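By written order: A, B, C and D. Residues from 1 in each chain.
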């Protein structure tokens, strides 16, 4: 255990952890949204993220950008970023919808038991990630240096870079927008209605299938954004990138209280930061173990996560 | 119920059809075996072709297959058949595949297994069957002390590469602050432990990461490296993690030198990190630069496979050629081949190969070179490291 | 009446009577015992199925030694049987089941391998009771804190436990991580010519050993299933609160489910270690757990034979695809195995959401039920 | 479980013809009310809050051995909550619940069941994938001692208890009249059969007190009459019955005494006749505020 190291690096570990946590949080939203409405662990959500992380690379590759390109001008960077985001969002959103249509909807029609959903989700996840694995020959795909990290401000030994700020701010903004959407808009009301009581929502004229599709789409959009941020931060993607980060995102969702949007944000940020602290304290090899230990401990105290589960599920 | 059976049967039928097609393919291979002198035999590659360690395995297999193709071209026939056995690099898969391999009595020699773990699991089976193996990359020291007569490795074990890396850091880089980390693989940890031990007080910090493909965010390691004030970072591990770490180190504005073993000697490192970040990264390798040996291996490989030769491709190429030379010399049983290996003295592109009784390379012929990543992502021979 | 109508009605009544299992259940004890023995004999002869003309070569694996593939199937089946107790009977969603497999295998390794810090170097047989005891206890350790958790939370916590076990195995000095344990002893026994029965070259004896263990486990699990214990599990699965209100000691039986599941998983680990000779932390990946769960649900969660079928399939399908060239890219189909497998899973679940052999409690006549109770 | 009592046709006719008058007669006809009248279950100042909502407010009443006791009240009056408190599902915020003179507050649900309180559920909660017989056997298992080991190795105790449980369960299925459905998966049973099955399952735990939560919900008049008959049959075997019911006619027709709840408070207690005429009860059922009555 390296306490002095942790204290010395507390600032930097916090900021890098927050950046990672923000990505995890955006990713976790998809799990939470689907769970909130369908009470289903959408195992295939990790592949929604995965395809997003490839989509932006394909678009950038189309413009001749690769890991060895020089960083373009600011205007071009903004353009590329937007293009990449759009591509990732579209692909992730469509993937999420596709998974819902191919893997889940037929089961719902047949009134299948909950376990069956979990298993088709696993099947879909395997299918997508392994297909990507075969196509890419399980090689990594590297990301062009669109944003060259530069310090924006420095506090002590904590260097806060432009990329970190972009990731954290974007995550918070998206979270805010989504929260607003769910709580204020008409469509959002539909989502909450279905989440609270699917049957009576249907009676009140809410189209359940539409709402479910919408929820998958929203989760996909967020995963798409998370995927672009991930690419920029980590620098490569790989066929199993979704699976690895997906476990963390799912952990974060449960940690915060699955089905609860703010819980996902809290869980993601907390997980990102605490993983870094644990890595500082015990060594990087214990990073993932720490997140699970944390999860178990929190669930022992609060069996439904930190903020409890609710997607508009009002508790009396 | 009946539907289930119907489905199950039709499923089996599909599998059967595919299998039948495959069986036809493979049986046609043996047609023209009689043409050249010692033809109709097989050499096997045993190692990962799929799974998470496939990339390393594919490097090796392609080097191996290139050698046999060139041999067959020279002979003008499909004299020697390539047999590939995919172990996924996994110890739990290896025994079953190895048993399948030993059932094929035409196999005279095996290039592989690439990893130490699968070697431990599969080599007893090869030993029992008496088929000689040459591993291009299993560097665990203890493998040679099992008393296996069929075991050979065409690469120096961890004990010789580690000291060389440490000597290079001390003598050439003259670094006084070194950070050492590894990926907890038997190979990476073994290497890092020796480096740590040899460098002593110059090591200002250590850490461990998860293995390739298990971790992508290295913020914590990077931070520790930066905070430690080290100007050299030795990483015991493979090129994917190393590339990622190099990229994230650069992003954190760390300007020191990343150094590693032969597991990082792969274009994949520069691919992951980007050439700009990878420049100056140094890898040690218990091998000589291929261009030193003359020949056209590098170009041939690129021409054949469309990619650059990777880590251990050259060693695998040499290993295959050792076997082929043995076949030319009339060693057409596994037993004879094994005896031949104990006497071989082969000048290959990566090394000169002479095996000791335990299957290790003759220490007196071992050379360790360093290679440096240049601005185009190639690994350029730097210098030979003398371990004092 | 036209023939097609007759056929439909026959089919209907066939299904209405519970299909094959319904029919099986209605047979007399003698018929059932004979059938059971026939199945067992067929299973014993399975290593030689390749010698059967025409059909044989279609069944056996080409890229992996067939007896080895059978042995792999045998420990997958064991895992599926154990997980079926936890998930299928008691309804506790366990995503980290392979953790118990790891605990069993590692305990054997610790007590038998010369690499171990314990330096006991026991024989394989001697390590078995210790290994099984340790896995059962680990089952309780996992079960105890998770009793309060509902389905999906339980899933992530069990997943977490398995990951912790894996990371611990990778990173701790005692469990030797990737370096692993070598020279694990094999099961005892020699042929008359002094050669070991359980050698390295032939996997058939290991398969038979696995098969024997499976048969014992089938009887054990079946005995539990058709008793107060099995009823309590089912009741918990169906409605935990109602079960408790009907007097079922839910905590006790959930813990038993974990412990028995862990025991069987540990048994799988013990078998694995005995065959393997060498093991390291690479084997115990998360995907492994998920695969076994997929097998159980695919086969028919809650049904012993469903679990067996599922467990066998998740091992057999990938192994069967090994060494087969795909017609388009001419690479080994094995590379696609999980992609194909994923598609197969989706298809099976869509067409048979209850699994291939569902756990529908058959509607049997009372007479038969009473017969079952008669001492055998 | 004593031998089920079979009612005479005359009794049946009585029940169908003059359900309202029945309780008084029964009460008078019972030979030894003193012996039967011992207090079996006692609620003493039980209050139960969920967050800010008071579900039960200082409720007290007592059940006597051998009676059929009615618990009525409008929707949301706290009847089921009261039930749940008795069976250990909820723990009262304050107050005492005593069964056979012993406090059962804080006891585990299965302990309470084994102590002799059994219940059914407002919306049937059977184990749907299990057969009718198995459902009942789960109840019968409550008093069994077969351990995992004796089940595993088929020790003598297993055979003994398995036989005994099966016989008893079959007998109970016969008692509630669905013996012919014993082998059927319970979710395939008709609604009425499911209700009966639930009662059989509860009876299998050998209760001293059987709590029925709206057992007649969704029944047609003929089915209700059959149910009435069944409830009496159960009482005649010596089991005390607590009945929550919506249908006033049914309650009035079968119970010996009644407690009326409204908004979590007890507003009346007495014989059906007394309660029926209580202005507070009338107000509660007609929706008029009590203080206005």
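One rule holds in what follows: a residue touches a chain if its C-beta (ideal position, glycine included) is under 8 Å from a C-beta of that chain, and two chains touch if they have at least 3 such contacts.
Everything numeric in this text was worked out from a predicted model, so none of it was measured.
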Note: chains that touch subunit A and subunit B both are C
Chains in contact with subunit A and also with subunit D, listed by label, are C
Maximum distance between Cα centroids and subunit C occurs for chain D
Distance between the CA centroids of subunit B and subunit C (whole Å) is 35
The distance between the C-alpha centres of subunit B and subunit D, rounded to whole Å, is 74
Distance between the CA centroids of subunit C and subunit D (whole Å) is 43
Rounded to the nearest Å, the gap separating the Cα centres of subunit A and subunit C is 34
Flagged in subunit C as touching 2+ other chains are 167, 170-171, 335, 337
Contacts with two or more other chains occur in subunit A at residues 283, 285, 288
Listed in rising order, subunit B residues that touch 2 or more other chains are 50, 184, 208, 210
Note: in the complex, subunit C contacts subunit A through residues 87, 93, 145, 148-153, 155-157, 159-161, 163-164, 167-168, 170-171, 286, 290, 293-294, 297-298, 301, 335-339, 341-346, 349-350, 353-354
The answer for subunit C against subunit D in the complex is residues 220, 223-224, 227-232, 234-235, 238-239, 241-250, 256, 260, 302, 359-361, 363-366, 369-370, 373, 375
Residue positions on subunit B within touch of subunit A in the complex are 50, 52, 54-55, 58, 181, 184, 205, 207-210, 213-224, 226-227, 240, 243-244, 247-248, 251-253, 268, 271-276, 377
Within their complex, subunit C touches subunit B through residues 11, 14-15, 19-21, 57-59, 61-65, 67-69, 71-72, 167, 170-171, 177-180, 182, 199-203, 272, 275-280, 282-283, 319-327, 332-335, 337, 351-352, 356-357
So, in the complex, the side of subunit A touching subunit C is made of residues 35, 39, 41, 102-103, 106-107, 110-116, 118-120, 122-128, 130-131, 133-134, 247, 250-251, 254, 258, 283, 285-286, 288-289, 292-293, 295-296, 299-300, 303-304
